[in-house]
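Got some structures for you, see below.
Paired with chain B in one complex and with chain C in the other, chain A is shared by the two complexes that follow.
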Partner chain A sequence: MRDCYIHSVVSISAQNTFPNEDFLLDVIKYNAKKIQAVYPNYKDFISPVVTRRMQTGVKMGVVAANKALQIAKLNEPDAIITGTGMGCITDTEKFLNSIIDNDETYLTPTSFIQSTHNTVGAQIALGLKCNNYNNTYTHGSLSFESALIDAQLLLQEQGARHVLVGGIDELGTEFVDYVQMIEANKNKGIGVPFSEGATFTVLSTEKKENAIKLQDIITISEASKEELILKLEDFLALNNMDVKAIDAIILGDNGDMYDDYYEHITISLFSNASQIKYKHLSGEFHTASAFAFWLGINVLQKQHIPAEVLKNSGENKSIKTLLLYNQCKGKDHSFILLKT
Partner chain B sequence: MPVKELREELKEKIIEQLNLEEFSVSDIDDDAALFGDGLGLDSIDALELIVMLDKDYGIQLTDPKEGKEVFKSITVLADYIAERTNK
Partner chain C sequence: MQNEQTNKNIVPRVVVTGMGIISAIGNSVEANKKALLASKSGIGPISKINTIHAERIKVGEVIFSNDELVSQLQLPEDNNFTRTALLGLFAAKEAVENAEILDINSYKTGLISSTTVGGMDKTEQHLKQFSSSSESQKYISSHHAGDSTKKIAKYLGVNEFSTTMSTACSSATNAIMLGARLIKAGKLERVIVGGTDALAKFTINGFKTLMILSEDVCQPFDEHRKGLNLGEGAAYLVLESEKIAKKEGKSIMAYISGYANANDAFHQTASSENGQGAYLAMQKALNLAQLKPKQIDYINAHGTATPNNDLSESIAIKRVFGNDIPDFSSTKGYTGHTLAAAGAVEAVYSVLALQEQTAFPNLNFKSKINETGLIPVTEIKKKPIHHVLSNSFGFGGNCSALILSKE
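Now for the complex of A and B:
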């Protein structure tokens, strides 16, 4: 089986992550419950004629994807694979509200056409005139991971040489408020702001100098804390590693009661590794783990962990192997293993 | 409503409905083509305009050939609406 290398990664998030040279230099701190991404100037990348039908998620996705391709010096990927938890929720809300407001009459086509979950992948393909494999995964908090697994399989099984993979979610205007209301009424609900973002990466079988390797991914829908540790040890063993090989771990702490999964894993296995958290900066959304992917690659490439994301004191050693761990409400666990 | 005011209203509605953020009312010439070389609208926009005619002015366009003529320009569209609503 062939290896997967990461040729580029671009993220649009609630932090100023879009410019390449800036690696969380000036962190933006938020007090709000809902935070928008720091949008690039779309006009620099897409014509206003094209963007006029695009909502935030599509615009963020298309721009991040194009920049990822540009950095990887790739004109046409062999596959475009996206993951999104809520899809184009703004247009979905618009269309559904329009059905109610107009008593199921006078329905206009634009928001309906643009409301499908695969709109981002389709718009990227249309822009590139790319007729290759195009797929979108909507598996809640495993959406980005599912897209990555598909890409990894395509590359390993020689179905593709270069794959564009992305995770996208937009805030929307209404549904997110209901989710927040539910969380606010819970005992220890999600404590970080709700947000949005788009992260795109080019994966390739070609080994470039200094390219980070996507070693492996695993997703686990349900497991107790004890089972999870066993499954993680098996996963590492499958990759000829043990817990001591992990130099840093990126954790998806979001302040809710299920953060004890992260606590349990780190205390049990990774007390000596550098522990990193990010959702206080990126906000929470179904594909926030794609932001962690961007963060992990930057940590490995720059050999630097910004103070704002470091959870423990960490050892001042080189970071060769990094593990990403995310879960949602004690379910949908994912581990992504990255190596220099 | 006087036709001149109707033309301005139509321009505002078209800009808002079709998200033509780059345009202001003064940018749209009364006699310029709405589709093709003029404003550059396409078939999805045509559907949006048909719904707008029905919803806002109570005019149902059922003949596609008629639509081609009606949506020629703001002037033609305003005259068409005025003719059917001022009776």
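Now for the complex of A and C:
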């Protein structure tokens, strides 16, 4: 089976990650319930004529994708695969509200046209004039992971050599408030702010110097905590590893009652590994785990865990193998293995 | 995901062992087959959605109401299933039963579904009550497109791999394609693939603003076509590796012999003049299936009956097949355009074409398109059919093609 190497990773998030000059040295701390991403200067990458009608998610996605391609020195990827939990929710809300407010009259098509989930992938293809494989996943908090699985498969099938993969979600203006309202009424609902972001990566079969390897990825829709441990051990065994091989683990703690899944996994299997948390910095959204992917690659490349994300220091000074674990409400578990 | 195949040299063939469908022409595979063979369209006036456009559109509605679906599926009354989820579950359940699967976990089984607007049918009814009404609030979590898939997976007991695709009107074809690839790679042994979409004011008004909804029954590939009829429905296929299907003594309905995905990279909603994306998808699918164009016996075309799609698709078909155009038809005149579900609905019809050795008629066709001169099959045509090509194209330039074979 062919290996998957990561040739670039770019993230637009609530932190200043897009320039990524100081790797989370100066983090931004938020008190708000909803936080916008730190937007790049879009016109450095795309013409204002093109971005004029684009909503936040599409702009973030197209720009993060462009930069990821630039860093990887790639003009035309063999595939463009995106994942998004809520899709183009701003345009969806806009079109929906004009239907309701105007009783189905005086509607214009722009927001409808741009409301489809595949808009980001389509706009990237359009910008590059890229006729190659193009796909979009939208499966809650497994949206980015599904896109990664497809990319890994394409590379292994030898159907592609270089694949552009991204996870995108925008805050929107209305739906997010309803979701937060539900969370606030819960006993121990999500405690971190809600946010947005776009993370893009170029995966390749070509081994480059210092390139981090995407060793493997698995998603599990439903499992008890006990089953999860067994499935994770099987997953590591399939990759010829045991739990001791994991030097650091990145956990998706968001302050809700299901954080005990993370605790259970770490106490049971990874008490010696460094533990990293990030959602207090990135905020929560369906593709927040793509931020963790960006973080994991940077930790491995820089051999440094920024203080603001370090939960517990592990025994190993050098970090060779890193595991990402995310879940949503005790369901939709994902494990991603990254290696130097 | 890890490859569990022991012998990596043998790539398993992927077979269809079960199908389920609910559409405007029937609530089962059998009912759909009967309507297809009787040239009986399901398109008519809209009855389940209160829209100001009711007098000026025709749609392909599923006959069952939500209450009837809930009762058929024996769901609790206080459920938060959207119509998209109800239709999806109804069809997926038939597919699993049809494949005679008694224990879903006897093999490593996945679910790959697809939808365009997910739970929009409920969201648009409840949006303005979300902040105040507790009865409405249960539909907040059912809005996102992954919700229907998760409900179907839970009901069927698929606990490991499941995902949702959304590439507009090519979605379900991409779901079928991913399923076949995962089986070939040895990552799954069995997978339920397809798509679901319910009619919604959102899509009715969306297509209305684009001025591509026909006031009358749609006329795919006709010179005087005036646009599409929206439809709703869901369809799923059970795919298995040939080895397991044979071991279990299953009847093999069809082989998935080719598939491809390409992007037109031309415009967010319009297809290019030379149908580049469609051409590439068909050509690559033929290459993968190792088939020559002349071996295709029937094309179930995308054929939405919009001026743009049918012309672009006709040109792409001519580019692939030259002067030797196979029998082709669009079945949108039966079901309307079921958006994300269309690729699976038409994959089921393609399997039926293989089983019945029949090319289904393209309803409402009168005169050929001047630029291309192509004439679809207009009456039931019995003939030897070994390979069927099914096309699905969507907004965002997403073009996919699938080839189903008898052997």
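The working rule: the second predicted complex is superposed on the first by the 338 of 340 C-alpha atoms of A that agree within 3 Å, B and C clash if a C-alpha of one lies under 4 Å from a C-alpha of the other, contacts with A are read in each partner's own complex, and residues count from 1 in each chain.
Keep this in mind: a contact is a pair of C-beta atoms (placed from the backbone, for glycine too) under 8 Å apart; a residue touches a chain by one contact, two chains touch by 3 or more.
Remember, it's a predicted structure, so these values are computed and weren't measured experimentally.
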item: Touched chain A residues, chain B compared with chain C; value: C
item: Contacts of A:163 with chain B and chain C, given as first, second, both or neither; value: neither
item: Touched partner set for A:219, first chain B, second chain C, both or neither; value: second
item: First, second, both or neither for A:48, with chain B first and chain C second; value: first
item: Partner chain(s) touched by A:132 [first = chain B, second = chain C, both, neither]; value: second
item: First (chain B), second (chain C), both or neither touched by A:203; value: neither
item: Which superposed partner A:107 touches (first chain B, second chain C, both, neither); value: both
item: Partner chain(s) touched by A:58 [first = chain B, second = chain C, both, neither]; value: neither
item: Chain B/chain C common contact set on chain A; value: 107-109, 113
item: Chain C-touching residues of chain A, taken from the complex the two chains share; value: 1, 80, 85-87, 92, 95-97, 99-100, 103-105, 107-109, 112-119, 121-123, 125-126, 128-140, 142-143, 146, 149-150, 152-153, 156-157, 174-175, 177-179, 181-182, 216-223, 235, 238-239, 286, 331-332
item: Touching residues (chain side chain B, partner chain A) in the complex; value: 17-22, 40, 44, 47-48, 51, 54-55
item: Residue numbers on chain A that touch chain B, as the complex places them; value: 48-49, 52-53, 102, 106-110, 113
item: Chain C residues within the chain A interface of the complex; value: 1-4, 8, 51-53, 116, 118, 120, 123-124, 127-128, 130-131, 137, 140-141, 143-147, 149-150, 153-154, 158-168, 174, 178, 181-182, 184-185, 187, 201-202, 205-206, 208-210, 261-269, 276-277, 280, 394-398
